[in-house]
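These notes open a run of structures that come right after.
Both of the next two complexes hold chain A, though its partner changes from chain B to chain C.
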Partner chain A sequence: MAFVNLQNVTYKYPLTEKPVLQNLSLQIQEGEFVSVIGPNGAGKSTLCYALAGFVPHFFKGEINGEIEVDGKKSSESTLDEWVLNVGLAFQNPFNQISGAKYTVFEEIAFGLENIGVPREEMKKRVEEAMSLTGISELADRSPYSLSGGQQQRVALTSILVMRPRLLVLDEPTSQMDPIGTREVFGVVRRMAEEGMTVVMVEHKVEWIANFADRVIALKEGQVLMEGKPNEVLTSDLLAESGFGISRYTSTAREAKKRGLWKKENLPVTLDEAVKGFKS
Partner chain B sequence: MHERLSFHIQRDSFLHRLNPLTKLVLTLTLILLAFTFPWYWTPHLLVLIAVIPLSLLGKVFREFMLTALRLIIPAAGFLFLMQAFFQPIGTDIIFQFYFLDMTSESVLFAFRNAMRIVVMVSAFTLFLLTTHPSELMSDLTRRGLPGQFAYVIISTLQILPQIMAKAQTIISAQRSRGLDTESSFLKRAGSLIPLIGPLVFGSLVEVEERAIAIEARGFTSKHVKTSLHEIPDPTFDKSLRWVLLILIIISIGLNLWLS
Partner chain C sequence: MKIEINNLRFTYPTGLEALKGISLTINPGEQVAIVGQNGAGKTTLVRHFNGLLKPTSGAVSIGEWETTKYSTAKLASRVGYVFQNPDEQLFSRDVLTEVSFGPKNLGYEKSKVDELVKRAMALTELHDKTDTNPYDLSPTWRKMVALASIIAMDTPIIIFDEPTTGQDAVNVGRIANVIAELKREGKTVITITHDIDFCAENFERIIALAKGQVLLDGSARDILGQEEILAQTYVDPPQLTRLGKMLGLKEIVTRPEEFLKAIL
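Moving on, here comes the complex of A and B:
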């Protein structure tokens, strides 16, 4: 039995005609790092909300099918219990700051206060989480005085500190520079090695190729393709279906047509492209 | 950008170290004594023996005096003039200004009322200057105030300045695209309408996202909440609160008995 199990999930937001998720089924193993890609309107964010329990518990609307995490059914649980197992961080960092706290340290402790973690343990966990994501030096700053990328790291840390079994991230690096992005991918990879299951929506395909175990390509609320990052990200189907793909893949694809790319597989990252062209 | 709506000044003083609830009780005691203790000179005396010494004890004398000069004294002065002229009591006219007259009774009456206002506003000012809002709220939450209520108070204090900054950004953006901000008042008022959409609807969307974000961090969890900061409540504070409570009861009791 997979750790995360979606069985024929169809979901419609209230007041909309068309379902956002259509008969969607997918399985994710414990400790797996899965990346979700897809064009706008593919249902990526809705999938995140569904995994985190906000669809349907928060947004209401019509849902069919079953969402299971760790053997528990979302339909039989309540949101406040569900969030103890599943952590969610999403794109806009500004709106993820609680507003109830005056320093970054307090902000990260907010979730632990809510679930009643004793004070000494709380301090220890906040310090650990902050050093993991590399924001220890921001501890005494006001969360509102930070840059977008720093706020995104605070939002990620605020969820990591709660130690969810399943971590759901919706474009967590959208406002980060390449250094920040690499660090976040590194942290997420490490959490997965330690047994946390991760679902991450991302556009940065080169990073996905380097770090994720598996890629799920969503289109119009359905799984279009899934598999090893390099297989999915270099497939012709993806390029034809309007997905954002790596420039190295499209360059090599053109080169292959002209007989300049000799290898069977197309590259996703710069390194692979350089090696391939040299050989 | 990151200014906040708070008067709190971080200092290490006797007043800052008091438990927030004790300070709240102290504030209410000063106000209730000024209004109920049945002796004419009570509010005047309170300013001398309580308000000013407390501002020194809290190391906020300078900030307190600035507030007093800019806000409290002008407001109380205005109240004094209004009541001194318009209170229809007494016959002993001491000052006349066209058809308005002050009697010695109305002056005394107005003086006391103005001083009561001075005590009330000063006590609150001192409270706000020496109490961190989040300390107050976590202390009150620990004593049973609903977490949602505390959240609304604190987040409003922090998020309002953010909304104001956002309004400013929208105005700047509209102005750079030719929004009229310099012609007649009506025209300018009319041209502010396009601002309402992005600001109001944008804020509503933000509220939804923020609700999701705090929910994801267990805001409605049924666990008993804990607090990162320990807010000390020593025996001294507890006894002080009892003393203040007794003072309030005596004051109100005397007031009822003598009336």
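Moving on, here comes the complex of A and C:
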């Protein structure tokens, strides 16, 4: 039995006419790191909300089909039960930061306070989480005094500290510099190695190919393709459907037409491109 | 219109010194990308151009106007600023009202306002969304509304703060088209971005900031090959530049066509 199981999920927000998710089914194994890609409007954020229980418990609307995490059905749970298992870092950190705390340290402790973790353990966990994501030096700053990328790290840390079984990340690196991006992918990979299940919406395909186990390509609320990162990210179907692709892939595809790329498979990462162009 | 920045320092009320002596000249019609790690001072720097922030010491001039002597409302006629997060700038009931707000407030005649709004909506492909409430649009389209509302002000200088974040390939292409069109019109375009490939493909000049100072400033080709120095401010060279280097190409390549020529 898959750890995450979506069966024929169709969902429509209140006041909208068209469903955002359309008969969507997918399975994710425990400890798997899955990356979700897709054009704007494909339903990526809505999928995140559905996994995190906000759809439908918070947003309401009409839902059909079943969402299960660790054998429990979303339809039979309340949001406060659900969030103990599933953590979501929002696309826009500004929407996630509580506004109730004066320092980054307190902000990260907020979730633990709410589930009644003892003070000493809470301090220890917050310090560990901040050191993991490299924000220890921001501990005493106000969350609102930070740059966009720094806020994103705080938002991510405040979810990681809860140690959810399923970690859902909606474009967690969109405002980060490249080294910050690589570090976040590294941290997330490590979490997956330790048994956390990860669903990460991202546009940065080079890093997806380097770190994720599997890629799910969404389009118009449905799964267009899924499989190993290289397989999905180099497919012609993706390039034709308005998905972002790596410059290595697009350049090698052009090189192949001119006889300058000899291999069958196209590259997504620097390593693959170097090997391919050398041969 | 020229931007001159002379030994600019800025300290936030919290005591954080975000800019530590920056001197730059940006010439009329230049296309400049500003890169650098999170917290390097990129947004703090550009917010001095329209007077949202005023120097702690040093000076910023837009044309002959020194920013300390003019209000942000005044400076808005010379410098348009598109926020990183569109939700910080949108407030109108429908897209048309939103996009018309800026040019109306600059006191243009109605016919000119109409013309500017029409052009901005066409450029950002919003023409079929005029009556929609901006908050009923997806974040992608809200970003385009934010872009349109600034473009419609027809300022000689336009600043984009991370225009491509969270945008898919199609929309990044749209934004590149907008920038190319503004260039043709002779506007100065200043863009903050972490998307170094986007930067390589759309900008001639690159300024890398690190810890409140200018680390590198020059043509895209000169800057983007300097891997070790760029690493100091957490910037990677573009994908094709890195690939070219690994393959031992003699020249620095930044764009697909250059790369394909170089490997022949």
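Rule of thumb we're sticking to: the second predicted complex is superposed on the first by the 279 of 279 C-alpha atoms of A that agree within 3 Å, B and C clash if a C-alpha of one lies under 4 Å from a C-alpha of the other, contacts with A are read in each partner's own complex, and residues count from 1 in each chain.
Following the convention adopted for this analysis, a contact is a pair of C-beta atoms (placed from the backbone, for glycine too) under 8 Å apart; a residue touches a chain by one contact, two chains touch by 3 or more.
Everything quoted here is computed from the prediction, not taken from an experiment.
Mind working out whether A:46 is in touch with chain B, chain C, both or neither, as first, second, both or neither?
Touch partners of A:46: none, neither chain B nor chain C.
Between chain B (first) and chain C (second), which, if any, makes contact with A:145: first, second, both or neither?
Both: A:145 reaches chain B and chain C.
With both complexes overlaid on chain A, does A:74 touch chain B (first), chain C (second), both or neither?
A:74: touches no partner chain.
Who does A:247 touch here: chain B (first), chain C (second), both, or neither?
A:247 sits against chain C, while chain B stays out of touch.
Between chain B and chain C, whom does A:119 touch in the aligned arrangement: first, second, both, or neither?
first
So, A:230: does it touch chain B (first), chain C (second), both, or neither?
Neither partner.
Could you look at A:98 and tell me whether it touches chain B, chain C, both or neither (first, second, both, neither)?
A:98: touches chain B, not chain C.
State whether A:58 touches chain B only (first), chain C only (second), both chains, or neither.
After superposition on chain A, A:58 lies in contact with chain B alone.
On chain A, what residues does chain B touch that chain C touches as well?
Shared contact residues on chain A (touching chain B in one complex, chain C in the other): 92, 94, 142, 145.
Which of the residues in chain C come into contact with chain A in the complex?
Touch residues, chain C against chain A: 12, 14, 16, 36-39, 43, 84-85, 87, 138-140, 162, 165-172, 194, 196-197, 231, 233-236, 238-240, 242-243, 246-247, 256, 259-260, 263-264.
Residues of chain A touching chain C in their complex?
Counting only chain A, the residues touching chain C are 38-41, 91-92, 94, 141-142, 145-150, 171, 174-181, 203, 206, 242-248, 250-251, 254-255, 258, 260, 270, 273-274, 277-278.
For chain A, which residues count as touching chain B in their complex?
49, 52, 54, 58, 79-80, 83-84, 87-90, 92, 94-102, 105-106, 109-119, 122-123, 126, 142, 144-145, 155, 158-159, 162
Which chain B residues qualify as touching chain A in the complex?
My answer: residues 1-2, 4, 132, 134, 147, 150-151, 154-155, 158-159, 162, 206, 209-230.
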